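Same chain, two partners: chain A is paired with chain B first, then with chain C.
After this line comes the complex of A and B, so read on.
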């Protein structure tokens, strides 16, 4: 009962900090937090594949970038397109991309799955680079209008204001993470863990493994698309090097690994660690990727369970130690 | 008597008005004065003396400092710190009643749009820069321009050429384009070949992004205007920082072209030249940035002969001012600078390097005359401003903030013929390569940057 109360207090404190944050730290760090939240969602969608279903995707940027491009292009060409539909277009485009690629992808696993996703990701990269009349090629799509958040007759909030966009992005990302979290807690969410641990057994139990994989793939892709849409609105610019480059596929993998793929909230920790690292490293050198790459290697070698795994093991050790001591004291 | 009084009164009023306008007439146009330049003998680009105090004029230098195009960042880190060193040794610039030092702060664009935006915002919001400077790549410059507009910060477009950056759609009153525009290169290059009237078959090979496409379009417009009998025998666009030029060169070979037209900048320009020559294609390349001496040294005198370079800056050394600047720079290069600043690239302050030096001095002059870093005051001074430098006069067209200027073209010649422009001993610019020979100036009236009709008269409104 007491621990539940502590948890509520903790959540309330986090909420208060998040509400006050832009008014305390200024625009720059407000944007950093928005970027962190978007990457958190992106990393969580990847972890849905990697951590929960055991599918390592090397081409997740296909959905993130697809969503970002769809939102940017829609806002460029559809005058007066409202904000929420613009975000949903990003998500839906990613869902369509997942639907198109899943018939091939769900029939393979392991290295073949990784390579195929890599191929699809790169295909999208080249397509966007070459169709410059639509995608702007190397230049990308930028300077598109950012619509206000409008409830007709009630309110219209300017989304070019960084503080307003901060709240909007946080709500969209928060709701998306909440939906994914609920999804993992459903019976279907347990089946996908079964697919990861023993697909054959799940199949013997009567569940269709390819269909299950396809559904996870679509959900994961869809929310990655929403993350991409939010990213497009934040940057007001979408380019192949920004959203579809191979690094953007590896980034959520690094976040998930560093944070811990065994935990739902691990990727959020990973995103936070990489964001903070990025800010710190940039103060001293331009070689950010060199340092983050080194950190990634160290985590894989020495802390394979990631940050949340490390915390859990420390907690376990302390807890066992203190309970052991308690038993010894009682015995004496 | 009455009329005599009237005449006297009119004479007094007239004399008074003349006296009022005298200081303005005496001031003339702003100019770079090499004789006022500080003693630069202690300038070390490897360890620049960067002012660390808080009360400074802070300029965000946006460039590629990592990855394939990092050489670009290296160049402009030197040029900008040269200016800061000189100005700071003079005591700084008087703004808001106080002399303030100048400091350039690095922002790494990595040559990528997303990183560029992040770096620009970081410079404004975190490092509190009052000005943005840069950058290589029109697509990146457009982003910087939009960021500068959003946060109301002056942006000097010192390195991007695309005309669309200053059209009605993208125009920002906070951005000033000091760099040469594609329409100048396109028209100037076409005018040069029209007057030459020898080669008529052109092959266009440019980088596959806005700058490359825009430059090619402007060249085609120029040919139509000045050289209608010319023929485009092929047109190709390669990715930025391409790894392999062989497929493009093969197509050029088969096309029957007499001239290759390319806007490729570092490192693409050098790689294109090397591949051409390695594959036996000795055609002249009408270029802007294939003037990088290290890349030219890799192919030698014979294979660089006949390159036709269009440039923002080309000048012989006939005036004492030009000679003085040349000697100060050359002496430091020979005696003091260490790697990478002791390579051929930095031997002569010419081409884009010189362009950036003088255009940054122009910015300094504008700040000085505005007496403030307030964007509105800067805009007021810079719009319609004229600035004199060792090789001519620049004019900032008020309507679209574009630098109206002459263009220089030269056919590269072996060292023994370089005395046409290198007029002091040893009478050659470089011994191991062909370089600038006779300099042809294309006056701005033949290569006026295109003004978007929608912007015409904007400044006077």
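After this line comes the complex of A and C, so read on.
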């Protein structure tokens, strides 16, 4: 009970900090936090595949970028498109992309799955590069109108104001993360962990493994698409090198892995660590990805459980806990 | 020979040249995969690294042949270092960390290249002896592309000779199918792994040098061929050299004729080909395992 109270206080404190944040620091850091929250959602959707279902996706930018492009293109061509439908279009496009690719992907696992997702991601990159009349090729889609958040007759909030957009993005990302969190707590969420640990057993229990994988893939992709849509609205520019390049697929993997793929909130820690690192490195050098890559190699070599795993093991050493608790329960 | 047939012949040789180059890269990738079970994401990065070394050696010595000799060896040396000090250390953690560390290596190589050589592209001149054209009947065709096909066939023959006629080749082939058994027979498998990794990166490095005169050297050059090589390995079947060879040539021709007839959809063709194959046989043409 006591620890529950501490937890509530911690959550309340985080909430207060998040609400006050844009008024305390400048616009620049407000946008950094928006970026961090978007990437947290993105990394969590990837971890739903990697950490929970045991599927390593190298092409997650397909959904992130697909969502970003869909939102950007929709806002360019449909005059007067409201904000929420624009974001939903991003998510739905990603769901459709997941629906199209899943029949092939659910049949394979392991490295073949990783390679196929990589191929699909690159395919999307190439398509967006070649069909210039729709996607603008290398220049991308930019300068589209950002609609205000409106409830007809009640309120209309300007989203080009960074502070307003900060609250909007935080709510969208927060709700999405909450939905995914509830999803992992449902019986179905337990089945996908079963798919990771012993797919054959899940199959014997009467669940169809390919269908299960496909559903996880669609949910993960859809929310990655929403993250992409928020990213498009934040940058007001979507380009192949910005959202579909292979680094954008590697980024959530690195975030999830550095934070710890064994826990639900690990990817958020990873996103925070990489975002802070990014800000620090840009002060000294332009080659951010060099340092990121080196850090990633070191983490994979020396802290394979990630940041949350490291915390858990330290906690276990300090306060000797029963060790039969799985890493999943500890962190969530 | 009328011009349509001439075009077909020219495109066919173009496709052949690219297919053979692709095979040089993909063969190393598939060997490494077959043996260690790792799909080396950084493989194409060594290809790029070698192209950059070639550029530097050319500036220093002016001899393309010396660069062809040295650059792949230096790239292979870096590959061996990665195997010895990174991959081997985490072999016990399982396949996902191994795969991820190659992602890290590829990022570091890419950014390292940008750091040392900058981001602007370099052009490498065709060596003097291979400049000019040959006439096939009345079709004028650059010698260099014919040289690529010949050279790749030469390396291929050399590799086949080593793999199928020597004791070392026997050990390598045995280790590809069952590393534990070979280890139990008293053969130093980690050493064989290191050697195969080195040879694999050397082959990719050779392709990297050979391709420089017909391609600009720039930081993104690994992406295209790396992607194609992955598709080759997946479609041909993991660990299968024969599969890699056949699919390399298919994709070379697909690319070449695709660019000629449907330029917009050319990159999509390769993926469609892969998707069709995998829809019927998820392990690829000659693959036994996933």
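To be clear about the criterion, the second predicted complex is superposed on the first by the 320 of 332 C-alpha atoms of A that agree within 3 Å, B and C clash if a C-alpha of one lies under 4 Å from a C-alpha of the other, contacts with A are read in each partner's own complex, and residues count from 1 in each chain.
Everything below uses one rule, namely that a residue touches a chain if its C-beta (ideal position, glycine included) is under 8 Å from a C-beta of that chain, and two chains touch if they have at least 3 such contacts.
Quick caveat: nothing in here was measured; it's all calculated off a predicted structure.
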Which superposed partner A:137 touches (first chain B, second chain C, both, neither): first
Which partner reaches more residues of chain A (counting touched residues only), chain B or chain C: C
Touching partner for A:287 - first (chain B), second (chain C), both, neither: both
Partner chain in contact with A:27 - chain B first, chain C second, else both or neither: first
Set of chain A residues, in rising order, touched by both chain B and chain C: 287
Chain C residues within the chain A interface of the complex: 33, 37, 39, 41, 86, 89-90, 93, 95-97, 99-101, 103-108, 110-112, 114-115, 223, 227, 230-231, 233-234, 238, 264, 267-268, 271, 274-275, 278-279, 282-283, 290
Residues of chain A that touch chain B when the two form their complex: 26-28, 31, 129, 132, 137-140, 142-143, 160, 235-237, 239, 241-243, 245, 282, 286-287
Chain A residues within the chain C interface of the complex: 50, 56, 58, 104, 107-112, 114-116, 118-120, 122-123, 126-127, 130-131, 246-247, 250, 253-254, 257, 287, 289-290, 292-294, 296-297, 300-301, 304
Of all residues in chain B, those that touch chain A in their complex: 65-66, 106, 108, 110-115, 117, 121-122, 125-126, 138-139, 142-143, 146, 150, 170, 207-210, 213, 239-240
